[in-house]
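Shared between the two complexes below is chain A, which pairs with chain B and chain C, respectively.
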Partner chain A sequence: MQITPLATDADSARPAAAFGACWSCRGPVAAAALFCATCKAIQPPQPLDHFARLGLAPGFDIQVPVLDQLYFGFQRQLHPDRFANAAPRARQISQSQAVAFNDAYETLKSPLARATYLLALRGLPIDGEGSHTIRDMELLDDQLERREKLHEAPDAAAVEKLAVAARSDAAACLGEISAAFAAGNLAAARLATLRLKYLDKFADEARNRRALLALKSEPA
Partner chain B sequence: MAYSEKLIDHFENPRNVGAFDKGDDSVGTGLVGAPACGDVMKLQIKVGPDGIIEDAKFKTFGCGSAIASSSLVTEWVKGKTVEEAATIKNTDIAKHLALPPVKIHCSVLAEDAIKAAIEDYRKKHA
Partner chain C sequence: MLLQIYEPGQTPLPHENEQGLAVGIDLGTTNTVVALARDQKAEIVRDARGSGLVPSVVAYIDGADPLVGEMARRQLLDRPEIVVSSIKRLMGRGAADLARLGGQLPYELGAAAEGGMARLKIGARLLTPVEISADILRAVKERAELALGRNVDRAVVTVPAYFDDAARTATRDAARLAGLEVLRLVAEPTAAALAYGLDSKSEGVFAIYDLGGGTFDFSLLRLEKGVFQVLATGGDAALGGDDFDHAVAAKFLAERGGEFSRDEVKQALATARLAKECVSSQDPWEGELMLDAGDSSHSLTRAELEKLIEPLVARTLKIAAGVLEDAGVKPEAIDGTVLVGGSTRVPLVRAKVEEFFGKKPLADINPDEVVAVGAALQAEALTAGSDTLLLDVLPLSLGLETMGGIVEKIVERNTPIPVARGQDFTTYQDGQTAMSFHVVQGEREMADQTRSLARFELDGIPPMVAGAARIRVRFAVDADGLLSVSAEESTTGRQARVEVKPSYGLTEDEMADMLRASIDNAEADMERRLLTEARVEARRAINALEAALAVDADLLSEAERATIAAAQETLERAMSKSDRASIQGAAEALEQGTKFFAERRMDRGIRKALAGRNVAEIGG
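Right, the complex of A and B next:
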C-alpha cells in the first residue's frame, strides 16, 4: 500500500494510519490521507485534532512560518479551482476539507486560541461545563483595577498607556504559558491562559474606549 | 432578539453602582469572573447588627446582561436577611430579566457573586 503523496515532512507526525474504503473506487485508503492513492479521489476530513490535521506535533511552541507553510501546502491541494470539473461529491468533500483546515489553521495561529485549544485537548478547558465562573482573587482584582482605570481614563493618551501596559503583560503571559506547557504544568498553563484571555478582552475594551474618546473630542 | 424592558432599564439606569470598604467588618465582598467572555463582577453587601442587608453595591465590567443581572441582585437583597439572600437563584434572575438563552451565564455569574459576598461576610463573623 502506497501512502498518498502529501509531499510534506509532516506525515510522520500523523497518527498511525488506519485504513478505510475510498468512497469513489472502494479500494483501501489510509484514514488520514487527503487523496486515494489508487483513483486520486479526494477523501473526506477525518476526526483529527488540529495539530494532527496540519501535521504538527501537539504543543504550545510552534513555528508560525512552518504552520503557514504546511497550511498553504494543503490549501493548494484543496483549492476549489482544482475541483471545478470534479464530481459533485468530490466538490463537496473539498469544501469540507477546506473548512477543516481553515479551522485548524485559525486556531493554531493565534497564541490565545492555541493555548485554549491545547488545554481542552489535555482535558483542562478554561471555559465550558463546570468552569463558568472563576474566583481567582489575584487575577480578578488586577482586571477590576485595569477596567476601573480604563473607565476613568480622561483621554486617548491615558488609554494608550494602559493598553501598552496590557500588551507588555500579555507578552509576559505568553512566556509563562510556553514554560508551563513545556514543564507539563497544566494548572499553571491554564491560569496564565486565563490571564491572557482577560488581557485580550482588555485590549478590545481599550480600543473601544479610544474610539469613543476620539469621537467625543471631534469638534461638532 | 429583543431585550426585555426590565433588562434595558437595569442596563441604562443601573442601581447601586459603587463600592464599600472591603476591610469593613459589616461588609461582604464577592468578586467573580466569567472567563468565556472576560467579564468581572464585584458585588458587596453591608449587613446590619440584626443580620439584615442594609445596602448593596456592585461594579460590573461586562455585557449589558451581566450589568443588569448584578444591578437586579443588589435591589433584591436589600432588606433581606443574609440567609434569605443566599437563596437567590440564577433562574429567578434570568426569568425576571427575560434573559435570552445565550445570556443565562450572566445570571449564573450574579448568583455566584452574591454567594461569594455572603461567604466573605460569614468568614468575617465565623
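Right, the complex of A and C next:
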C-alpha cells in the first residue's frame, strides 16, 4: 500500500468552461467530451451530477436496464483495461473516469441511494441540519418498536416474519417516493426516503440477527 | 497442438528489443498453471508428458538453485525439512499472524523482515512467502519461455477473489521479483467466468464455485454481450482441499497415536492427500504411512472421507447463501453454476453444490486449468485489445479505526472497482497538530477483529480549536483491487503529507534489495521498462501532433512546418535507438517547439466560439 497525491480531485476542479485545452495535443476540446475530437486522447472527468454523467434525465423513476446499458457503454470506452498499453497520463485519466462512472452507477442503481442523492441535489438532504421534524420522531418510534420485536423474536422463523413485513413496507415506500417526486412534493419524498432508509437498515439487522440465532441453534 | 519444447541451449535468443509475450498465470495453492492466448484461443503450456500443472512446491537444497514443481515434490517424503508447499496460504500474512498459527504450521519461523513480513527458516535460508512465490513464478516463466521460444515479461496473475489488500500486494510483489510486469491481478472466479463465457457465448447470471487447494471463492456474475459484471463475491481465504488433507492426516495420526514432529506432519499430509485423491475411484484406499519412526497401515473409505469433510463443504454453502443474499438473487434465478478448482473433483462437493442450486453444475473445462485459460484471455485482451470487459468488485470492506476501536467503513464490500471515497475527520483537542490513522479491511465492527493494513500519522495540522480542522482521508482502490490512502488538512489548504508503514509487508528498501538480488540483471530490466515507457510517451506526443497538423496545419508558415517536422524526425530517430535520455530530451524539445502552435490552435478555437459557432463542432 502506498500514499499518493489526490490526482482526481485536481482533475474535477477544472473550470466548467464550454471548452478547454486537450492535455495531449493542447488544442481546443469541448468540456463535456470524453475524447479529444482531434487527437482522440481520453479526457478527464468533468464535475457533473450522476444523472448528467450517465446521460439520464434527473428523476427518481429510471429504468434499471437502461441504466445498465448506458453504464456498460461508457465503461467499454473508458475502463482502465482499455488503456493498459497507453501513456501513463492516459492510464491515470481512465482510472478517474472509471471511478466517476462507478460512483454514478452505484448511486443511481439503488433506489435508496438514488432518492437520497436526488433530495440532496434538490436542496433538501435527508441528514441536513435542523431538518428533523416531529414526523421524523414518529419514524424513530416505529423503528424502535420493530427493533424491540426483533430482539424478542425467539427463532429464525420469527425474525424472517419481521423481515418480510419490513420488505413489503419498503416496497410501499418506493411507490410513495416515486409519486412524491412526480408531484414535486419534496417534503413527502424526504419523509418516505427516511422511512426507506430505516427499513433497509432494519432488514440488515434482521439478517444479522437471523445468522446469530442460526449459530446458537447449531449443535456445539 | 502441442507447443514445441526447445532443449536448453538451443533456445533461440530473444531479440533485445523484441516485446515479450504476455501470459496468464494461475498461481495456485497446490498447482501453478501458465497459458498463452492468441486470437481468443488459450493454450496451456504443457511439459513433454502433456501435464499443464506445475506443483506449487519448492525445494531449497543448500548451495543450489531452488527446485520447483514435480522435482521438488519428490523431495517431500525424503527431505521434508527443505520443501515448502501451500505457501499461498501465507501470502500477505504478518509475522504476528503466523506466530499465532505457529503450532499448526509445518514450518519454522525465522526473524521477521523489517516491514513485518514473516520469514520461514528453510535449511540455511530465511525466506518470505513473497520470495518463495517468486521462485514458483520464475520457474513457470522460464518454462513458458522454453516452450514458446520467446521472452515472457508480462502477465495477468490471478488471485482468490477473497484475497485482501495485503495478499494482493504480496502477489504483485512476487511477480515483480520474478521479472514479470503484472498487467492486471484478476480474481480467479472472474477469470473462470471469462473462460466459460467466451467459450459458450452464454448470457445471464452465473454462480462460480471455486474450491482450490487453500482458498474458497464464490462469485455471482452477470454475463451480457461481452460484459462480465461481478454482482457480489465472498469466500474464505483459508478453506480448501488442504483442509480435507488435514482432516484425513489427523485421522491417520490419531490412529498411530503419540507426538509428531513438524516433518512427520508434512509426511502424513502427503499420504493423506494421496488417499483423498485415490478414494474417489478406489474405495476403500489402503496404504502405509511411512514416517522416520516406522511405518503404519491405514485405510480410508469414501464414506469416512465424506464424514470428515462434510462440515467444510457446509461452510462453503453457507458462504454461497450469504453472497446470494448480498446480491438479492435467489438460487433458482441462477442460469448456471460453474465448478472451478481441483477440490471440486471430490464427489461430495459436486453432489452438495448440485443439491443447493437444484441444477447440474458445469465443469466441461478442466477445473484445474480454467482459471489460467481466463487469465491468458485477459492478458491478450489487455495487450491486443478486445470487446470483452471485466467489471469486478471490492471483496472486503475497507475502513478506519475510530474511537473505542470501532471501524468506520469507507468503502463497502461489493463496490465496483476502481473506486475512490473520501471521508472527513476532525481534531478532538484544542491545538492538536497530529492525527493517527489505522486502515483496516473486513466486515467485523471492531478493529481488532479485522485485518490491519496500515497505520499512519498526519502531522503538520495547523493548531486550531477542537473540531475546526477538516482532515480529508481518501481511499482509492484501482482495477487490481489495490488500495492507496491519502490524507490532507483542507481548511487551510495546506497539504500535510503522510507516511505509511505497512504493518504486514515489505518496506520499499527491502523490495529493492530483493529485486537486485533475485533478478540477474535487475538494473537492465528496470531500464528496459523505463525505455518502453519513454517510447510509449513519445509515440503519444507524435500521434497528437500529427492529429493537430491534420486539422490546423494552415496556422503554420512553410518554415515553421519545416522546423516542427525536423523536431519530429529527431524524436523518431531517437526512438529507434535505445537511449532513454535522448528520447526524453527530443520529446521535450518537440513539446517546447510546438507550444506556439498549440497556442494558435486555442486562439482559433476561442475565435470560433466567439463568432457564435456551435462549440460542439470544435470538440464534438
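Quick notes on this one:
Simple rule for what comes next: the second predicted complex is superposed on the first by the 195 of 220 C-alpha atoms of A that agree within 3 Å, B and C clash if a C-alpha of one lies under 4 Å from a C-alpha of the other, contacts with A are read in each partner's own complex, and residues count from 1 in each chain.
Quick note on the criterion: contacts are C-beta pairs under 8 Å (C-beta built on N, C-alpha and C of every residue); 3 or more make two chains touch, one makes a residue touch a chain.
Because the structure is predicted, anything quoted here is derived from the model rather than measured.
Touch counts on chain A: comparing chain C and chain B, the chain ahead is C. Once chain A of one complex is fitted onto chain A of the other, the partner contacts of A:201 are limited to chain B, with no touch recorded for chain C. When the two structures are aligned on the shared chain, A:137 is found in touch with chain B, with no touch to chain C.
Contacts of A:59 after superposition: neither chain B nor chain C is touched. Of the two partner chains, chain C is the only one that A:72 touches; chain B does not reach it. Look at A:21: by the touch rule set out above, it reaches chain C but stays clear of chain B.
By the touch criterion stated above, A:175 is placed in contact with neither chain B nor chain C.
Within chain A, not a single residue is touched by chain B in the first complex and by chain C in the second.
Contacts from chain C toward chain A in the complex involve residues 165, 169, 183-184, 224-225, 227, 229, 325, 381-383, 385, 387, 389-391, 415-420, 439, 453-454, 456, 474, 476, 478-479, 482-488, 497-500, 502, 505, 533, 536-537, 539-541, 543-545, 547-548, 550-552, 594-595, 598, 601-602, 604-606, 609, 615-616, 618-620.
Touching chain B in their complex are the following residues of chain A: 126-128, 131-137, 139-141, 143-144, 147-148, 151, 194, 197-198, 200-202, 205. Listed in rising order, the residues of chain B touching chain A in the complex are 31-38, 40, 42, 59, 61, 105, 108-109, 112, 116. By the touch criterion given at the top, residues 1-6, 8-9, 18-19, 21-22, 24-33, 36-41, 68, 72, 75-76, 79-82, 84-88, 90, 95, 98-99, 102-103, 105-106, 207 of chain A touch chain C in their complex.
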